[in-house]
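One chain, chain A, appears in both complexes that follow, with chain B as partner in the first and chain C in the second.
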Partner chain A sequence: MLAFFTDWWQYGFMRNAFWAVLIITPLFGILGTMIVNRKMAFFSDALGHSALTGIAIGVVLGVTDTNLSMIIFAIIFALLLNKISSKSTASTDTIISVFSSCSVAIGLAILSKGGNFSKYSSLLVGDILSITKKEIVYLIIIFAITLIFWTIAFNKLNAISINRTLAKSRHIPVSLLENLFAVLIAVIVMLSIKWVGILIINALLILPAASSRNLAVNMREYHFFAILFSVFSGVLGLIISYFTNVATGPMIIIIASLIYFLTFAYQKITHGN
Partner chain B sequence: MRKIIEPCGLHCIKINHLGVTMGEQMILDDVNLHIHCGTLTAIIGKNGAGKSTLIKAILGDIPHTGNIEFKDREDGKIQKLKIGYVPQSLNIEKNTPLSVYDMIASYQSGFPVFLKKNKKLYREIKEMLTVFEADYLIDKQVSNLSGGELQRVLLSMAIMDEPNLLLLDEPISGIDQNGTELFYKTIDYLKKHFDLAIVLISHDLDYVAKYADKVVLLNHAILKQGTVGEVFHSDEMKQVFEKTEVEGC
Partner chain C sequence: MKKIRNKYVFTMIMLICLLFCGIGLTNIYVNHERENEKKEYVVVTSFYPMYVAAMNVIGDSKDVTLKNLSEPQTGCLHDYQLTPQDMRLLSGADVFIVNGGGIESFLDDVAKQYDTLAIINTSEKIAMLEDNAHVWMNVSDYEIQVQTIAEKLGELMPTEAKQFTENANAYLTKLDVLEQEINELKLVTEGQNIVIFHEAYDYVADELGMQVSIVMDLDEERQVSAGEVAEVMQVIESDKVSVVLAEELYGKDMGDTVEKETDAKVIYLDTLVRGDGAMDSYLHGMEQNIAKLKEAFGYEENH
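Let's look at the complex of A and B:
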């Protein structure tokens, strides 16, 4: 019986995937708290989709490492979206949608040229079982950077999200921090998109934080539950996907969604609103 | 117990030739204001007259022409101006897991609010909230506060750094009659017991008449400024508030 549950640990690819999940999920849980607070769900979704365009540009330019073109494009895309949203008076989600659709269409058009899109279709759902040790090291580095950034900048980002003018009156560098945050999301989304998949990466950012909001009453609880739910869905999703032979990413999201509905119901029952 | 400073009446904030243009549109033109500590200046005017823009320009949130000086009237020395600000509203959704402590600590301190509570900071925040009888709110969720409670919390936060100038953008809705009365009483208390100047955007002319030391009537430029009597009985006032009755003053 015990062997049944420890069986998967024998495989190197499962161990690698396990460590990757243990790094990616808390990271997404943490970032999600601020993405949801700042109502940036649509922004991070558009960012995920821009991965296609980044790769397409890399292919067109003949870059050997399309990861690089993907990250650079995502950073430019994120900064551009930030700039346009802060300048324009039109509704932000409309603008993001326009840019996102346009960039996805360009990406798809280029990548599907000559009927070769199947080569890239694994990007859509992701494949965490293919992660290598070297790639895990990259994830550890970005994890460390995020923790440092979060410790230094979280209060200020929180202050900005509550009221920009008030934050400015306290000499908080509003635009700089907003841009840094957008760049950080861009880099993390791009580095993990191969493993999580374009179609579901946003769910992994939003769901744990959204579930946490159903229970938490302050920032400490908010972070705690978001990380807990994220890691729990990640690890359980990985193990279940091994036994059911289903893609890992979608399984993680299914569990994260279930947690959301459970916490939602809990909140309705206890608070009655 | 916190030391309460009497207003010295010697500090003066001068706003010289302040102007704001957005695109082609002139929002504010040549605004000149002298504000003294220990006084309450009320800014009145119709919607879209540039009241909030003036506050944002003073805060440096939007680019403007002209300058703002902060002088000691005795020796004329120019000092650095510390501004406290109470916004009209916050961008907080219902259910946001943000306690009053989290909010104030985010603005006041670099100690990350997602880690454990900083006891020293917690005490300081609580002490400041006590001034406005809001200390019992410290662990409550900001999104669950009533309009009046939120205002008291924001006021506490605005004076934590002991500002020389307090800018208040009064909320239009969400506060009942008792809450408004309490708000103006609190402002009056602040004015008398702290060494600061207060500028208030107000939507309630009755309360302005009762509490303001100086009134500024704004419509893209200053139409009239002076005491309550001077402004309220002026022709400019009648023109701006033609349809709304100006009574009780």
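Let's look at the complex of A and C:
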């Protein structure tokens, strides 16, 4: 049994992956709480899909590090989405869907040119070997930024999510904070999408927070459980995927989903409805 | 207060259960995988044609374990991603036999990560067609690959070198029979125009002395545009192409369309990248390919 925890440590790529999981999953847990509260699940999903276009643009421009083009595109995409959905009269989910489909189509059109899409298919399910030292440095930087942002802005963001108008009347810079939050999600999603996979990255943001909501009664608990579930499923999923030769992202999500169903059942039983 | 404590107890029990379930299931899986323990010398091949070639060279040598990187069903490697299991396999390997020419796109990473791993590039003595490394589809090139494997493996394992050479020669004798058949067929096919739906058949066309009018590379996840289809039809008409070579798995739809719209005949050849792991699967597959080609070009009727 000890081998379960030590066997994989001898490989450099597994150590890299382990550190990445350890840094990124708490972030997903923290941000997930606010995404679930503000009913932004679809927004973050669309953001994940925009990675395809970001990479496609990078490829067209001949950039060697597609990370950069992905992040820049995702930030523009997120800000645009925020702006239009606050102006337009059409309902938000329609607008997000339009943006998401459009960006996926552009991405696929460019990347499949010449029949070469198979080169990028690993993006869909994620490739753990794509984590290098450089990625980990990026992750540490974004980890620090998120923590700072969270200590300063959490209460205000929470107020906005409860009542936007009330928050405005209390002189909270609503759109600035909303935009900053969207940019933060964009950057974190883009930095982890290569190894988690476009198809499932949203689940990693939503599931821990959703499970936590089944148990928590206040903000402190909400955060605590979300981070606990996120880190737990991340580390266990990584190790199991190593031994069973399954892609890592899906394995993490399977565990996170199990936690969701169990907490959901617990809540139903204890509260009797 | 009691309810709150229950909640934490529940969470703890839940996580511990999940952890043990995970460990338990993984252990069952891993033990299942460990059936054949490794012998003294581990040879890993990158994909199926290399695996079959190496298998015939190594024969029943007791000191060597031969393993293939990708599953026998993976097909062409193209942009294959190494899995963690592949990395483990390579970390325990002594030799890695590859086709080369860029098919193994991960080769640089592997070489960097495992600097003690000996890599045998089987195509190093072969003049490749441009941007196309499917050399094993040409029987005479494949023979060179077999020789290269025998030679390099012999250098790495001097005690077995004699055995490897003997095995390779026995295999080459069988391949020579195929080579002979192809040379006979070449008398009919030489100079004809042909259309192919997979890059690999460039080598077949080359060996048979045919000119490729157009290549439409159909494989996994390939999306074909309407304009390309029209272009292929035009080329078939204008170059008087009578035979199209396609792969059954990915080229069937396109092949049906061609047969409906033009007079050309579509034959489905095996790219020899999948199989059941039998030693003669290359010989067998190539034999069938030749039989299909003979039929398509009316070889039997003329001779």
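As a working rule, the second predicted complex is superposed on the first by the 267 of 273 C-alpha atoms of A that agree within 3 Å, B and C clash if a C-alpha of one lies under 4 Å from a C-alpha of the other, contacts with A are read in each partner's own complex, and residues count from 1 in each chain.
Operating definition for what follows: a residue touches a chain if its C-beta (ideal position, glycine included) is under 8 Å from a C-beta of that chain, and two chains touch if they have at least 3 such contacts.
Predicted model only: the values in this text are computed from it and were never measured.
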Chain A as common anchor, with chain B and chain C clashing or fitting: fit
Give one of first, second, both or neither to describe whether A:Ser161 is in contact with chain B, with chain C, with both, or with none. first
Mind working out whether A:Ile254 is in touch with chain B, chain C, both or neither, as first, second, both or neither? neither
In the overlay of the two complexes, what angle sits at the CA centre of chain A between those of chain B and chain C, given in steps of 10 degrees? 160
Kindly classify A:Asn218 by the partners it touches after superposition: chain B alone (first), chain C alone (second), both, or neither? first
Answer with first, second, both or neither: which of chain B and chain C does A:Leu79 touch in the superposed model? neither
Contacts for A:Leu124 in the overlay, against chain B (first) and chain C (second): which applies, first, second, both or neither? neither
Once the structures are superposed on A, label A:Ile152 by its partner contacts, choosing first (chain B), second (chain C), both or neither. first
Considering only the touch criterion stated at the top, classify A:Ile106 as touching first (chain B), second (chain C), both, or neither. neither
Where chain B and chain C come nearest after superposition, their Cα distance in Å: 12
Set of chain A residues, in rising order, touched by both chain B and chain C: 217
Within their complex, chain A touches chain B through residues 33, 37, 39, 150-152, 154-156, 158-159, 161-170, 212-214, 216-223, 267
Chain A contact footprint on chain C (complex, rising order): 3-4, 6-7, 10-11, 14-15, 18-19, 22-23, 25-27, 29-30, 78-79, 81-85, 87-88, 91, 109, 113, 217-224
In the complex with chain C, residue positions of chain A that touch it: 1, 4, 11-14, 112, 115, 117-119, 121-122, 127-129, 215, 217, 225, 228, 232, 236, 239-245, 247, 255, 258-259, 262-263, 266, 270
Write out the stretch or stretches of chain B touching chain A in their complex. 56, 59-61, 83-85, 87, 89-93, 95-99, 101-103, 105-107, 109-117, 139, 141
